[in-house]
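Next, two complexes with chain A in common: one pairs it with chain B, the other with chain C.
Right after this comes the complex of A and B.
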């Protein structure tokens, strides 16, 4: 799928992208944020669900899905474990009482910020122009193995890029997963090659 | 097309598109306000341009929206809101002045970073889409789903009730077959018991006669002259221990007669209990007789747990299905015995008031918890340990008493005991289906 050089380069691209993303998210939230070193995997469809289970060590999860399109195409998932993000309401300018709809809006908004910043960071490295669809709620407190029911897919394997996001002060954490199907990966590999040539 | 024309075209499209479009700069000053926004807000572009968005619209969710727009400036990326979580940002009238359905136009918004050539965000352009129709459709859908859910729950309840009724029916059928079986067995046993009983009587008489004969022979023994014969007889008598034999034979006869009498009584009770002679037929019966034969059957369950007190009143014969009423009495008595943990008392009282008789079974057991009282007649409700109760006894009893147009009353105090009183009309009400 990807050569070793391409993989190393992708890791590098992701590292830089996350670094920039972390900085910009910190500015938005006015909090110190930690982004893990991204982990890059290429997986067959049936291994995606177990991978998610490993990433979110929680029984019930909420998940937001957001598509990105343009020079790079794929879907991003943001998984939230048992702890909810009500504590973030203050950082997001909420003054009213937090009801269920508000809670969901915060999930969507946080996801949009993370996906935008992280994917934006990566896209910038490889000179790709991408747009985003509106995020949508995929699961609200459901077992982790139920969020992604991959039954009939046309791709044989997909790129999975995992980043863990933490807010130290509010003990808030969530997981960003970027998924790109096989054929999109070829376009991405071309972009990675050009990135390498630039050095 | 010339640049000027294109620019005019763009201006026209932005202004006249059926989508709210407006933009603010980093100071939250309005720099674009299209026709859609103007016609719905009632505030026109020329009055708003250059003005602060939040001063022009103080009703907006100030803190949150400011933060949201600011984040777009910082992140240089899109942001979104959806009507599902936040029905609206601007309180606009919906486009259904006639058909109605919602209070306010439902809106989904996109916050678009407008970048300059240095890749800095100069403005944030907000597009506002009217999602009212979708929202109303969703509302209707939710209502239908809700109705379906209720219907489904009702159906579930119904099938549960049906299942309970079926089970109850099965149980009552089982009980009636057991009754029939018992009646059949009783009938079959009755014949041999009858002749064994009467033979025993004859046998006793014969034995007495034979012993009388032997006595006569013994008295005549001295008259035997042959010494050798006398010795032989004496030896034989000593060997047989004739005295003990006489004694024991009498005892054995008595025991056998006693045993047979008991078997006869049990069979009679079984017959009474199941009323083999008038199975499931309405006739006037003596309830005390029914109670007594039931007591004989359940005696084993009761005698180790409770002392029985009978306080029978003066009651007439009652028109009833006596075998079924016996089932009711049996249930009440067995329940009372089960309710007594160590040792207690079970009191059976009967009495009459106006045209009704009552039969009461009172125990000094552990009583019924108030939260259980309402449920005790429900099928399958039981507080007994697994294997001890089916939870059907009282529900069946209730059904039987209802069939008699009677009622069951319960009084109980936890720790003190429980009293069940069955009221029955002396005569079956006419014209009513049993």
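Right after this comes the complex of A and C.
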């Protein structure tokens, strides 16, 4: 589905997008963000849940979904482990213990920032115009293998692009997963080819 | 005499992008490494005048590479080229011995003034 060169190029494209997202999060939270090496996987739907389990390393997750559309279409999922964002509340200016609704609001805000900066950075590099739907809470503390049932993934295979963000001083991490159906993946591959032609 | 350049990045695409951004007709000898461990091995094996160093790499990342170079007394001009554009990342690498920091994606406009600054390009 993607050649080795295309995967390598996509990993580097994602790396740059992730760096931009990390910088925005670091600015919002005034904390240093440790970035991971992005991982690119093409998976059949039945293999996505085990892959997510490995990535998140947590029995239950909360997840925010945000669709993107335009020259590229797909769905971004931001997964939060059990720790979620209690520690973030203080960094975001909340002085007292937050209630559940406020916590969900923070998850949506963080997700929106990550998806916009990371996917925006990726789209810019491959010369694609994309827009985003509003983020919505997809799952609240549910087993990882339930996530994809909720997301109604119906494609033959999907691109799983994984980037991790971890705060250096706090026990908070989240994972951005980009899922694209097979036909969109072909469009994306063409754009990656044109990106590579410049080098 | 050719300037010996070591390009260190785990991504072959990123190395290709950087090499493409180097000034045309520049008299250089280019070696490549996929992580900090390989870079240190290359350094020990031969002369390096200029190193382009990524930060986020497997095995040994850019920060660890700078530390290892300092511990071993391996000296050259190190230009960090990274997608991690947090100001703190830039401060840390400069403190650790890097001469300059360039944000990815690298291009000749970002590169040339720095090469001139360090007398590597006339």
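Assume the second predicted complex is superposed on the first by the 189 of 199 C-alpha atoms of A that agree within 3 Å, B and C clash if a C-alpha of one lies under 4 Å from a C-alpha of the other, contacts with A are read in each partner's own complex, and residues count from 1 in each chain.
Everything that follows uses one rule, which is that a residue touches a chain if its C-beta (ideal position, glycine included) is under 8 Å from a C-beta of that chain, and two chains touch if they have at least 3 such contacts.
Everything numeric here is computed off the predicted structure, so don't read it as measured data.
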Superposition on chain A - do chain B and chain C clash or fit: fit
Contacts of A:142 with chain B and chain C, given as first, second, both or neither: neither
Partner chain(s) touched by A:112 [first = chain B, second = chain C, both, neither]: first
Touching partner for A:5 - first (chain B), second (chain C), both, neither: second
Following superposition on chain A: angle at chain A, chain B versus chain C, Cα, nearest 10°: 140
Contacts of A:16 with chain B and chain C, given as first, second, both or neither: second
Which of chain B and chain C A:132 touches, first, second, both or neither: first
First, second, both or neither for A:36, with chain B first and chain C second: second
Touching partner for A:94 - first (chain B), second (chain C), both, neither: first
Chain B versus chain C - smallest C-alpha distance in the overlay, whole Å: 13
Chain A - residues contacting chain B, complex: 24-25, 27-28, 92-96, 101-102, 104-105, 108-109, 112-113, 116-117, 120, 131-132, 134-137
In the complex with chain C, residue positions of chain A that touch it: 5, 8-9, 11-12, 15-16, 18-20, 22-23, 26, 32-33, 35-37, 125, 196, 198-199
Chain A-touching residues of chain C, taken from the complex the two chains share: 10-14, 16-17, 20, 56-58, 82-86, 88-89, 103-105
Residue ranges of chain B in contact with chain A within the complex: 61, 63-68, 71, 74-82, 84-86, 108, 110
